[in-house]
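For clarity, chains are labelled A, B, C and D in written order, and residue numbers in each chain start from 1.
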Amino acid sequence: MTADAEVLSFRPSAEQFVWTFGGAAPMARIRPGSVLEVFTEDCFAGRVRSKDDLVSQVCDFPFLNPQTGPFYVEGAEPGDTLAVHFVSIEPARDWAASSTVPLFGALTSTTATATLQPPLPERVWIWQLDRERRTCLFNAADSDLRVELPMDPMHGTVGVAPANLEVRSALVPDAHGGNMDTPEMRAGVTCYLGVNVEGAMFSLGDGHARQGEGETCGVAVETAMNSVVIVDLIKGQPTPWPRLESDTYVMSTGSARPLEDAFRIAQLDLVRWVARDSGLSELDAYQLLTQTVESPLANVCDVNYTSVAKVRKDFLPPRTSGYGVHERLRAQAERYLSEH
Amino acid sequence: MTADAEVLSFRPSAEQFVWTFGGAAPMARIRPGSVLEVFTEDCFAGRVRSKDDLVSQVCDFPFLNPQTGPFYVEGAEPGDTLAVHFVSIEPARDWAASSTVPLFGALTSTTATATLQPPLPERVWIWQLDRERRTCLFNAADSDLRVELPMDPMHGTVGVAPANLEVRSALVPDAHGGNMDTPEMRAGVTCYLGVNVEGAMFSLGDGHARQGEGETCGVAVETAMNSVVIVDLIKGQPTPWPRLESDTYVMSTGSARPLEDAFRIAQLDLVRWVARDSGLSELDAYQLLTQTVESPLANVCDVNYTSVAKVRKDFLPPRTSGYGVHERLRAQAERYLSEH
Amino acid sequence: MTADAEVLSFRPSAEQFVWTFGGAAPMARIRPGSVLEVFTEDCFAGRVRSKDDLVSQVCDFPFLNPQTGPFYVEGAEPGDTLAVHFVSIEPARDWAASSTVPLFGALTSTTATATLQPPLPERVWIWQLDRERRTCLFNAADSDLRVELPMDPMHGTVGVAPANLEVRSALVPDAHGGNMDTPEMRAGVTCYLGVNVEGAMFSLGDGHARQGEGETCGVAVETAMNSVVIVDLIKGQPTPWPRLESDTYVMSTGSARPLEDAFRIAQLDLVRWVARDSGLSELDAYQLLTQTVESPLANVCDVNYTSVAKVRKDFLPPRTSGYGVHERLRAQAERYLSEH
Amino acid sequence: MTADAEVLSFRPSAEQFVWTFGGAAPMARIRPGSVLEVFTEDCFAGRVRSKDDLVSQVCDFPFLNPQTGPFYVEGAEPGDTLAVHFVSIEPARDWAASSTVPLFGALTSTTATATLQPPLPERVWIWQLDRERRTCLFNAADSDLRVELPMDPMHGTVGVAPANLEVRSALVPDAHGGNMDTPEMRAGVTCYLGVNVEGAMFSLGDGHARQGEGETCGVAVETAMNSVVIVDLIKGQPTPWPRLESDTYVMSTGSARPLEDAFRIAQLDLVRWVARDSGLSELDAYQLLTQTVESPLANVCDVNYTSVAKVRKDFLPPRTSGYGVHERLRAQAERYLSEH
């Protein structure tokens, strides 16, 4: 990355949103190291704006989780890794929406966990966002109760075109990333994604002003975002499942069903990542991580469930610090922020 | 709880350890509010003492996870709740053991996730515990690497006699508690357990000097403990699944397979707990918790997997603070600690 | 087995029914080769007798699935196998009952697959049994429709005391047998059960006039039975999971959650059983069974789900015919039937 | 269907095979009622021809499970149902291949059920097909054993373009059909598939000379096929999950993970199908099917597992006989066969 890094600002028109990973023509070509300043629409395509806007009535399936992108990254080829550093994720509105959705969510039967029961009632909550004080205000629907919570903005959906000739709905998380819905995807974090097709075809969307772990009801505090990311490329190094790195942690993700498989994928990936970078044998890494890993859930509601395995870098042997690019991207982000 | 609370010290002889929840005669009868000062042996019954002590050779199945107890709590009846406050959990040795165990753990096939592959190699790690500096030292088996980690002592196994006339192995976590293996079970926390039989028949064991979330390889940093707990009784209030309360959090647990069911149980229990105590409707509590819950895994290796759902008390409406006994038990614990 | 085999008739009084596997004193001691003529009560303990007898109101949890037994089999020790041959299973009444039960069954949320939805409505169906014509008559509750089906009597619950010092509810299927709920457990079949404790402690119950595969709503066509079984003992041969043998098939079972683990257990057990008896390598047996196995589900509603793996004996290499006792027990059964 | 039904013969060239459902241009347009005479290549694209042709070496991922098609069915629109009647499925060769594949199959860890164990050994079995005697000859790899089995040809992969803008690998079964791998997909059966896109885009492949239920090792007796199907269209009637109908049975399928979800989907679909066609209430249909359904597994190895729920038509109320087209297609098939 050099001082002359490209900065690309992109705010899609209504027709430019994309609803899949794979299968869409690139919105732009960018060079590795470029800064993307993008607007992302909320998961409802902006159609849920009041308590009366029931998802089943106002949304137009499968046109959910609109993606900003895809961006063709020059030089990216299968076997490489895309490093996406989140410089900032800022709500573009002073409100956000959440809801129950029929046959969707963890505490309801669904189209897959199919039962004879009627679905849960459909309900919408409009949250107030105070961008100055960085808070989200919950208004209970059935009583006067209000609760103010810290804002903790994140992107639910971050990914590249999938492997195996597939095109996946933007609602799906899998090895290509996609709708992982982890609160770890916040500003200051670098996300590593294995490249499956030429150009990688990176896109993002589904901003959340905040979200609990598991996204239990299936829908977070959904809002449009103005986000800045740096997109870099690591040549010749594959990444089997999406990984994240913060100043403090390295993290692996797994997305699968049942949930124990998502857990296994993330834990095995972290064991192998740590073993490779630390010189520990796989069994030693298995032992060390068994005693140190944190295992927060990301989503237990989507087409695949997503589990995160994370470990503090200072619990690992020296020089086991991820891909060796996070610090550089972090510094580039700080330069960007100081200039804007 | 009054100043004249009983203090019972109990260090089981080798013959006094118990290997089940339910089915064992009580070691002692205690009054609600009593302080128990107990010794617990490690999960291997103390038989793994060096790298050459392979579990499959030195342990005598099913005599694993020895329990200290059970204690008959006077006045406890089905429909009540036992409140167990952890005053202190201190390693009784300056070393601890961990290991792989054939066909046990998350990253191996098991007797249930049955495959034709040979099991992983069996290996033992002996950890050094520095009780002054409160650290655990990891010695890699296949290289010279050492890593020093903070000590964070906990009990893997805490429970009462189960319902439904059953007797369960001390290796099993379920609605009666048991082998939940959550790092949240540390000093300063109150654990709430629904009473299923007269006297509740409380026991505990399986101390860990520290453990990651999920206990991936199936075995934590296992050591004997000297622990102090206050056992109190809440009459007439049932608790469907084990719950925990710290100064900062209220937490529910679920133990089941597949892992998503453990998640569902814990989340639903927390939704209902918060709804009842806060006056929120169930759907409002579902929404609020979706945006605030933390969902760390406890174990993904035992007979049932255990998932934790926890939320900061200051994210909840005022006066939604658990059973109303934690603060009192916390104060009693501080008095005890100041006097001992 | 010789001509002087004991014949024991046992009809439990109301107080003699047992509700667990393990933990109960034997009703009688029998010699290997004995014939047991027993009465078994239905799963509701006979309390559901009309459409108005809702399970949640008339039944007394956990007193469900009453067992006839346990029988102490002389000489049976851990490591042996009990061979239970079903001579006849005959409904003891001209009616049977089925029902929905709140939070129980495959097409409803349950206490484990926990959701915020209200349970399905509770409903009872009384079936007419025509023991002459060997039919079961279904009367629809919400319309005039009637359907006559063939009777195919079976026992849902057949087992021995479990291992690991445990006592399990009679509603649980596991390695000790128990509530497997497979329609394969019909007259003419031999069931092999691994012995876990001295005397084996065999019991049975939960007769079904007929049942589909999976027992989808959780409850079959439940009725009391007059059943005749021969209980034999195979010394020194362990059986890890319950197996069955008919004139045509050998079958393994697995009971676990998630359902794929039940499948894996049954399939792996059958691969190993066939490999051992046929001289095929495990990989060859894996290949042969992949192309020949039938995999009907037994139950997908109980505490553990049960999967069956069965293969026609004439698809296996010669002399791969189970334990070598089925033909003898079959002949003994025919002698018994011709004499009674 | 009229006497002038189109007959289209299509044998794809090597370049014409397709590897996905969705995303491919049609090979031909056909009118409803047309007869398709097609050649399908085996799942290995014909590359495994001897015991030395290891899948990991000779196959070119993701170019597996080549599809013959897609065929654009004139007039087919979302909300319609395609009825595909299998007239004949005949092996095109006198041999077939099967194999283990690293990290694929039910009795091994996989990329999703991820463990630290090394994969099972890779092995190939070449089966001899005797098309006169209609047998498949198994040759054990590690001994001299041979077993002759009846031939029972079927197609593992039958489907249409998926919904939700997706393109799925031909290895995936889901609501669009695809790689369901059920032995029920044999000649004489009609398969009903919901149409998701204009023209439906039907294709098929993955012929098996025979297969057990569950396809345990992940690979059946794989061979090229000459197959004849009649493709008809039922306007205005949606089909949520693939259904099948034989002269004797109606059947629903579900494809999902965990396996209990696949079971739930198939059972719920059959309950609703029967309820709608019979006039039974849903609870009555639930009860009737609980006592009559057969629940054989299809595959427990693919990206989604597939479960079948089937019931004898003569166990259902009169006039509950599927879509009302099977008999007509069956007659058309017989006319075709008598003329060819």
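Rule of thumb we're sticking to: contacts are C-beta pairs under 8 Å (C-beta built on N, C-alpha and C of every residue); 3 or more make two chains touch, one makes a residue touch a chain.
Just so it is clear, the model here is predicted, and its values are computed rather than measured.
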Common touching chains of subunit D and subunit C: A, B
Interface with more contacting C-beta pairs, comparing B-D to B-C: B-C
Approximate Å spacing (C-alpha centroids) for the pair subunit B, subunit D: 48
Subunit A and subunit B: spacing of chain centres that average the CA atoms, whole Å: 33
Subunit B and subunit C: spacing of chain centres that average the CA atoms, whole Å: 35
Where subunit D touches two or more other chains, by residue: 107, 113-116, 120, 257-258, 264, 267-268, 271, 283, 286
Touching residues (chain side subunit B, partner subunit C) in the complex: 19-20, 22-23, 61-62, 111-116, 163-169, 171, 254, 256-258, 261, 264-265, 267-269, 271, 282-283, 286
Parts of subunit B lying in touch with subunit A, wherever the complex brings them together: 98, 100, 106-107, 120-121, 123, 125, 136, 138, 140-143, 145, 147, 149, 210-221, 257-260, 263-264, 267-268, 271, 278-281, 283-284, 286-297, 300, 305, 307, 309, 311, 315-317
In the complex, subunit C residues that touch subunit A: 107-109, 113-120, 258
